[in-house]
Structures are given as structure tokens and as C-alpha cells.
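Below: one structure in C-alpha cells.
Chain nomenclature is as follows: A, B and C, assigned in order of appearance, with residue numbering initiated at 1 for each chain independently.
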């Protein structure tokens, strides 16, 4: 994703404005969108949590203290670690959220990224080449789509161990079809557009057409879906824990924390609430940032950021 | 078109067969149901006897042979748990889920297209930001959390809706309400993104130059092209409900296929797993076929490959 | 029940007018169970989810076990006597009819016993209570049977409290989907995806019960079951999680005859050393978990059976929480070359009881605190049963396996053989002396039997130590205030509608 920011994807029928330093330009565009700036800040914070959290707060996250069971939030008497309250074993919820961010974010990122890459590749083949291979790939997508993710989860987690890596495998496989089908659908449409036809007539090779003309249009859509999928994957992981076939303690993820806290919704809402908030904020930040990225990398749209989003150009002309 | 559907049906049938075979072997990798079905105290002889009786003692390939012969006679076996034909159990549950999925997706599509188009009309505007943030927050909330809070607030505290179960139309409000949230958030974003692209593309500008009124521009020209990714994502979400409204069905005691599936998987009731997957797969294959036909209708340039 | 009430009430009213006799509405109850029923055959009533609906409601037993003290009272049998070591004579109640009009008599009982023990269908009751036992039934007269058991069954009257008598018209080659019995309720309707309806049997031989109609529905989430009773959609939820039992007006706690423990893989080092097993026991702070992870009311256990069971030994004390002593024991074992620092796997079973996962997390923390190199893994029920029953994996690691045992059948024999005899399907012990004592106790009668079982529990607790006993558990029920109903020890496996009355 950062690669895309530094080298803006070009739509073929628009000239690139001169960019002196791409990093600086990106920063300038980011500063122009306050919401995206906040989102980027939050994601940076989460990334720091994921990297350093377990080392810093691993001990308090696992320290049981039954006298603190379900201690309510906003009570500073017990120290700042308990500002979000304590869970059913009296452990600091804040510490657990910070520590769990590592598992949660790596599961989601790894699942989405691998599903996106594999799905996009297969989708390009199916859409561009078509033929029997394309048909085979599409039927494969149908099979995956109809194969219940629950059964897949039970199979993988029963045969292997219910560890993070295996969960990524399950989630990635189940998410492939959406990228595959989206890519193919877009390719089918783009393939017929004038400029692609023109490039083909002019003798451009297929890989060149795909990389230069098709990918730049497909990728933004995939990224939009991918950032939304990030939430989906976190929630799917949570649902698996809810159903008893996902990650289990002593591992922690936000999804597992929500699933474990659901039994206490009527007495201690904070058990399920804060990790839920973490999921929601992360997802929203990602989406805000991806919306910004989409705008910033699209030469047709970038003016919105450069000019504060106040001048809907195409309307003023009408 | 007829040729396309014929070819497609054939390849789909082959894929279905592949799926069934895959499920047969993969499901059996998760152990047999003997220990689950018999009381814990059952003796080793009783266990051996049970395996013998249900054929779990035979080599896998032999079990598979029997299964194939049975399926060719349209017999999908008997549910060990329920002591009745697996297909009967599945066909009892499937219509519930189908209705749930259809109702949910119909509402989602109408809402998402309407709100997404309005949002795309002025990207970055107040309406756009607000609708995005609210729908995204909803879509990222865990559904079991929303469902239980919904019951506690709407049913217990306010007494407006029944907590769970089926029976009256009111019983559908909470399950559908919870199911809508996620696909709505997702599809809204896709509609919005696709509409922004479509609105700034050359042909809409051409249409505008020709003097077609603006509202018509949005809803006919732009929407028509924006529909491709929307339909794809909607299909994915509908498939998700068809074979996976498990959480909602579990919480609301909704007698659909998701609940049946998770129970059968956890109990290793293979015949039911197989029949359920076959039925949902046929539904999903049919839906994907319809989607491909819709692609062609939306964009006549797309050839069927 | 407000704004949707008008539409809902109309349809309910219409249904009631069509289906039920007038006045049934306020004498009908709805019971919300944690799981639905897959089968409803009378020969499966010992499976708790089936027994809770059918047992003593639709089908009755010959004898009835009093859950409070384990004593046996007459039900369909009016009396019994032991003729010799192998044979018992039962007098049957006269003037009893099945719901389908058939007479209840000696032939009907013989039919049921043979149906259950036969090979044509799988019956849980046989697998649970009569595996390896042969019963020969002789019809002495229309209302007397002589039952000869091989091997001898000194507690046959107790065993007959666990099997239900269905109509002689039931199919012998398949499980029935329309159970017919002699009980106070007729099995009226079963929609497997939704509900079961029982209606009062007007020709019942006993006192007519107050409840005229009972509808059973099922919801998996405890919070939803509790909400249904609170919203007036259901009248009784026999089990809810402790954290949902927040309303003293509606919620009851009760001993549910279950006992929780961790099983120890005694054959694997370092757990093959009794000092290590005792040390583990001393590291669990049982008091600290009461009122927190486990609800108020649970009692630290020293026996695997609850006090009402014949053979429970009241004189043994649970292991104290004593980390110093545990350290001493571990050090002594280490000095003798026992690989004390080997990783010990705690394996939990998801949802085996409320807060099962949290309790294992707490135990993990306690063991780590005490210097045991423990790790935790939670598994689903299928994986758990594979680990919990023989044959065990050859190379299994040293394991502490979370489990729970339920015996509400009055006698310790239902526990000790399976759990402690070396041939038991779930035993971890291998001790010829203990085996001998278990067999002897099972054959003994009266006071001697009680004493022998008590001795076995003492030896197991003090010397063999194949387990970390945790608690005698409590369950929680939510009952709508319009009903007069108190859950008992038996509520887990049966729920007699005739014990429900209405407050006016």
C-alpha cells in the first residue's frame, strides 16, 4: 500500500503532474485531509502496539487477580492500566488490547494480503485469458465459495493446531473468491475499453497490457475491498472464537476478547465493548485512509484534496 | 446464451462433484463420531460395535464407494444424530436460510445503492462522510455482540420485539436487522467507489455534454457501469449468508442451514454435512450463474468465456 | 409484549382457539432448553436433553430415584424383592394404560427390556447402564415379573429407575419419532426445527398435574434464554449461566449433581509420581475461585460424587491450598530424579461448564505461579472425547484434562468403575488392589456397600490421586414468577411438569 502512495498509479488517459519528492507530496495530500490524518495516526499507534505491545505489557496482560474481577472502567485508583477496567480474571483490559493487537493485526493483514494476491492473480488469468483455464479457475472459486468456512476451520484446526498461522490459512482461503471474482469482472470490462484495444492493436504484449493498463484500474477496487475485508477477517476470527473453533486462550485476539466478554454484556459491558471499539476504530481508520489513498492516487480526483474538496469541478461546468 | 448456460451447467456439475468428493474426504479427516455419540462410559466393545454398524471401521475408499453408489440412487444417507434421512433434514432448514438471505440482500441492495449514489454525488461532503462512518462502524461491530445487545434492549427493556424464534413477521426483524449491517457497510462502500469512478469517466461527461439531465446521468449511465463490482460483492455476501449465517441463526434460535451446519460439523454428522453443502452449493452456483448473466446484460461488450 | 403484541397476540389467540381446549392458555407453560432434541425414543431417556422432556412426563420408569438421598420409590412398579443373588421380582401397578390405549402389564415391561437390550437399534440406556449385562425377564403373572441378571445386579431396582417404559406398539427395528408412554403428558407435536408440544393425558393413573400443556423450545445462548423468561416468552429456563442469574425474583441456584475435576495422566512422567500429583492439588486455590469464576454456592469436592449418592465419603477433606507444601513435594520429587520441569499440558473442553475457559486460565496461572511448567489448550468436544476415552495415544504428553462428572442415579457404582477401575473407559488408574475393591463393592449390598465405596473414595483421594477435584457444582434456573417451581438435583436430566404449579 505504501508502494502505491510513493508511485501514484496512473490512469492512462491523464498526464502526471510533476512531482518533486513523492513522500513530501503524499504528506502534503495527507495534511489536506484531517480525517485521514487522524486515521493514519491511529493506525501508526496500532502498528506500534502490535510491534512493542507484547514486550511492554505482556506481564500485566496475563497477571490474574481475582479480586479485581470485572473491575469497572474509568477508575484510576488501581492505576492507569485499569482505566478500561478489568476482565473476568481481573486482568487489565487495556494491557490485553495492546498485547492482542499483535495477533489480531497480523492475522488480518496476512489473511487479506495473501487472499488479495492470490485472488488477483487468478482473476487476471481468468479474465484476460478466459478459455478453459479461466472456466476452471472460476469453478474453483465457486467451490471455495460453497465450501463452508466453518468446516474448513474445523478441518484445519483439528488436523493442525489452533495456532495463528493456521487460522490465517483458513481465513485467506475463504477470502480468495471475492478478489478473484472482482478482478475478473473488472478485467472483462476493461479489456474491451478503447485504450486497451488500442494498445493491443499497437502490438503491446499481454503482460505489458496487464501491468500498464489493467492493474492500475483493478488495484484501487481491490484495495477498497481489502480494507473492508480487514474488518471482515477480524470479525470472522471473532465469530470462530464465539463458535468455539477459532483461536483459544491463552492466545489473545480482539475477536476472542469480544467473544469471551459476551457472557457478561448485562453486568460488565466493558469486557466486550473495548476490544469491539478497537476493531471498529481500526477498520474505520483503514477505510478512511484507503478512501484518501484512492483519491490521492487518482489524477482525476486529486484536486479534491489539493483544493480542500470544495469545488466539484464537473458540476460547475454544467 | 443457451449454449453458454448449457456449457456452464456442465462445468458446474463437475465442480459440484469435485466439491462433494472433497467434503467427503476432508470431513472424515476430523475423526469419526463414535466417541461423540456414545456415552463416555461406553466400553471398547460398544465403540467397536458402533463403528461396525455405521461402517466407520471400513477403509475410507470403501466408505466412499458406498457413498457414491448411494448418491447415484439419490440417497444422501442417514443422519446419525437424528436417525432420519440427511436430505430431509437439510431441506427442512434450507428454505429458512434462503428467505433470510433474500430478504436481507434485497434490503441491503436498495439501501446501499440509494445511499451510495447520493454519497458519490459529492465525495467528501457531509452526507458522504456521515454515511461512510456510520455504516463502517456498524459493519465492523461483531454481529453476536449487536445481536445480544439488540435482544437486551429491544426485547427485554423496551418489549418491542420478540427475543428469538420464528412464527410472526416480527420475529424476523432482529435477525434481518443484524444480518443487514455488514453487507450494507461493505456494499455501500463499493457503490460509492464505483460511482465516483463512473461519474468522472468519459462517457458520463459525454452524456452530460449531450444534455441529458443530471439525475438521469447518475442513475442510468453511471449506475449501470458501477453495478459490476456491486453485483460481485453482493454475490459474495449472499453466499456468505447462505452457508454462514451461523452466528445469527444460533443466537436467535433460527432453524436455518447455518445452525444445522455448525451442529453437524461439531458432531461429525457427515451425511448432513454433505447434503447441506450440496444444497447450498447448488444455490450458490445458480446465483453465480445469474450474476454472470447479469454482467452480460449490464455490459454487452462482455463475452462469455 | 407491547407494540408487536397486538399482531402476535392475535395470531397466538387464533392458534389457541383452534388448537387447544378453552382455558389451556393460562395453564400452558413454555420451557426453553439449551439444545434441541435429535431423537425422542424412550430407550434414550438417560441422555439428559431427552430425559428432560420425556422422562416422567411422557414415559415413566418402574422405580424412581430420589435425587436428594438416593432412595428408591415406586412408580410403575409398586414393590420389589430380591428372590436370590441373581433374580429380582417386581410387582407392577394395575389399571395403568398407555396413551395409545394399550395396557401396561408384565408383557409390556418385558417388551421394553428386550427392545432396549436387542441389537436392532442403538439404545443409550443400554450403553450406559446395561453394557455387558444380560437380563432375562420372566412373566410370572399379568402384573409380576421376575428379572434375572447376569452378572448379578445388587442394585437392579436403582437401575430400573433409569429406563423408561414405552408402549408395546413401538417399532422394534427402528427408533420411534412418536414416543408413547404411560406418563401424565401425551407427546402431541414435534417440529424438529422449532418446538415440541406435550399435552396433558386425561386418563393418567396418578394425580392430574396443574400444567395442561407444555411447549419446549431451544436457544443456545444463555443470555437469550434468560431474556426470554424476562420478556415473558418462556416460563422456565432450566439452565442459565451464573452471570445471567441477576434477578433474585426469578433466578434459583441448585446443586446439579455434577462434580468438576482435572484428570491426571498418571502413566506419564512426571505425573507418574504421586508427589507431583499431590503438589498440583495443593497449588489450586479453590476458595479464591468461588464467587468469582465459579459461582457462589459451589463446594470444594473431595469425592467425585455428590453427598446424596450412596458411597460418598463425608470424612475426607479437599486438598488445602498450600504452595509451600507443594514446593516441598516437588523438590523432593526433583531430588529423586523425577523430571518435574517437563511441560505439563492443561487441556480444557470449551463450554463444558459455564466459564470453563476462564477457570482453566485461572488454573494455568496458579500452576505457573507454583513453579509447574504448564501450558493451556482449549479444544472442542470431539477432540476432547478422543483424548478422554481409551485407548489413549501412546505418546500422550503429561496432561491435566478438564472434565465434569454427573451422577444423579443414587449409587457410586455408576462412577467408580468407569473412572477408577483399570478397565474403565475413562480411568487413568492401574491398581489391581483398587480394581479388586471396586468389584467387591459393586457386588455388596446395604451398609457394607456404602462403607466399601467410601473406602474406595478415600484411597483414591489420599493415595492414588488420579485427579484434581474442583467443586460440586451449582446450576442456575430462571423461573417466571407466575409459576411455583423449584429446581432440584435432578433438573439437569429430568424436569417433571407435574411438579410445577401456578401461583394465583
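We take it that a contact is a pair of C-beta atoms (placed from the backbone, for glycine too) under 8 Å apart; a residue touches a chain by one contact, two chains touch by 3 or more.
Because the structure is predicted, anything quoted here is derived from the model rather than measured.
Of the two chain pairs examined here, A-C and A-B, the one linked by more C-beta pairs in contact is A-B. Ranked by how close its C-alpha mean sits to the mean of all protein C-alpha atoms, the top chain is B. Distance from the chain B centre to the chain C centre is 38 Å, each centre being the mean of its Cα atoms. Chain centres here are Cα means. That of chain A falls 47 Å from that of chain C.
Mean C-alpha position of chain A lies 21 Å from that of chain B. In chain A, the residues that touch at least two other chains are 154, 158, 244-245, 262, 265-266. Shared contact sites, meaning residues of chain C that touch two or more other chains, fall at 223, 380, 382-383.
Within chain B, the positions touching two or more other chains are listed as 30-31, 148, 152, 250, 266.
The part of chain B that touches chain C in the complex is made up of residues 30-31, 33, 35-36, 38-47, 50, 53, 79, 81-84, 89, 92-93, 96, 148, 151-152, 155-156, 158-170, 250-253, 255, 266-268.
On the chain A side of its complex with chain C, the touching residues are 62-64, 66, 69, 88-89, 154, 158, 162, 244-245, 248-250, 260, 262-267. Residue ranges of chain B in contact with chain A, taken from their complex: 11-12, 14-15, 18-19, 22-23, 26-27, 29-31, 122-125, 129, 132-133, 136-137, 139-145, 148-149, 152, 182, 185-186, 189-190, 193-194, 196, 199-200, 202, 205, 208, 214, 225, 228-229, 231-233, 235-236, 239, 243-244, 246-247, 250, 261-262, 265-266, 273, 277, 280-281, 284-285, 288, 295, 299, 301-303, 305.
Taken together, the chain C residues at the contact with chain B in this complex read 1-4, 7-8, 11, 38-39, 46-47, 122, 124, 127-128, 131-132, 174-175, 177, 192-194, 217-221, 223-224, 227-228, 230-231, 233, 380-383, 385-386, 388-391, 418, 424-426.
Across the complex, chain A meets chain B through its residues 13, 35, 130-131, 134-135, 138-140, 142-143, 145-151, 154-155, 158-159, 177-178, 181-182, 185-186, 188-189, 192, 220-221, 224-225, 228, 231-232, 234-235, 238-239, 242-245, 255, 258-259, 262, 265-266, 272, 276, 279-280, 282-284, 287-288, 291, 294-295, 300-301, 304, 309, 312, 314-315, 318.
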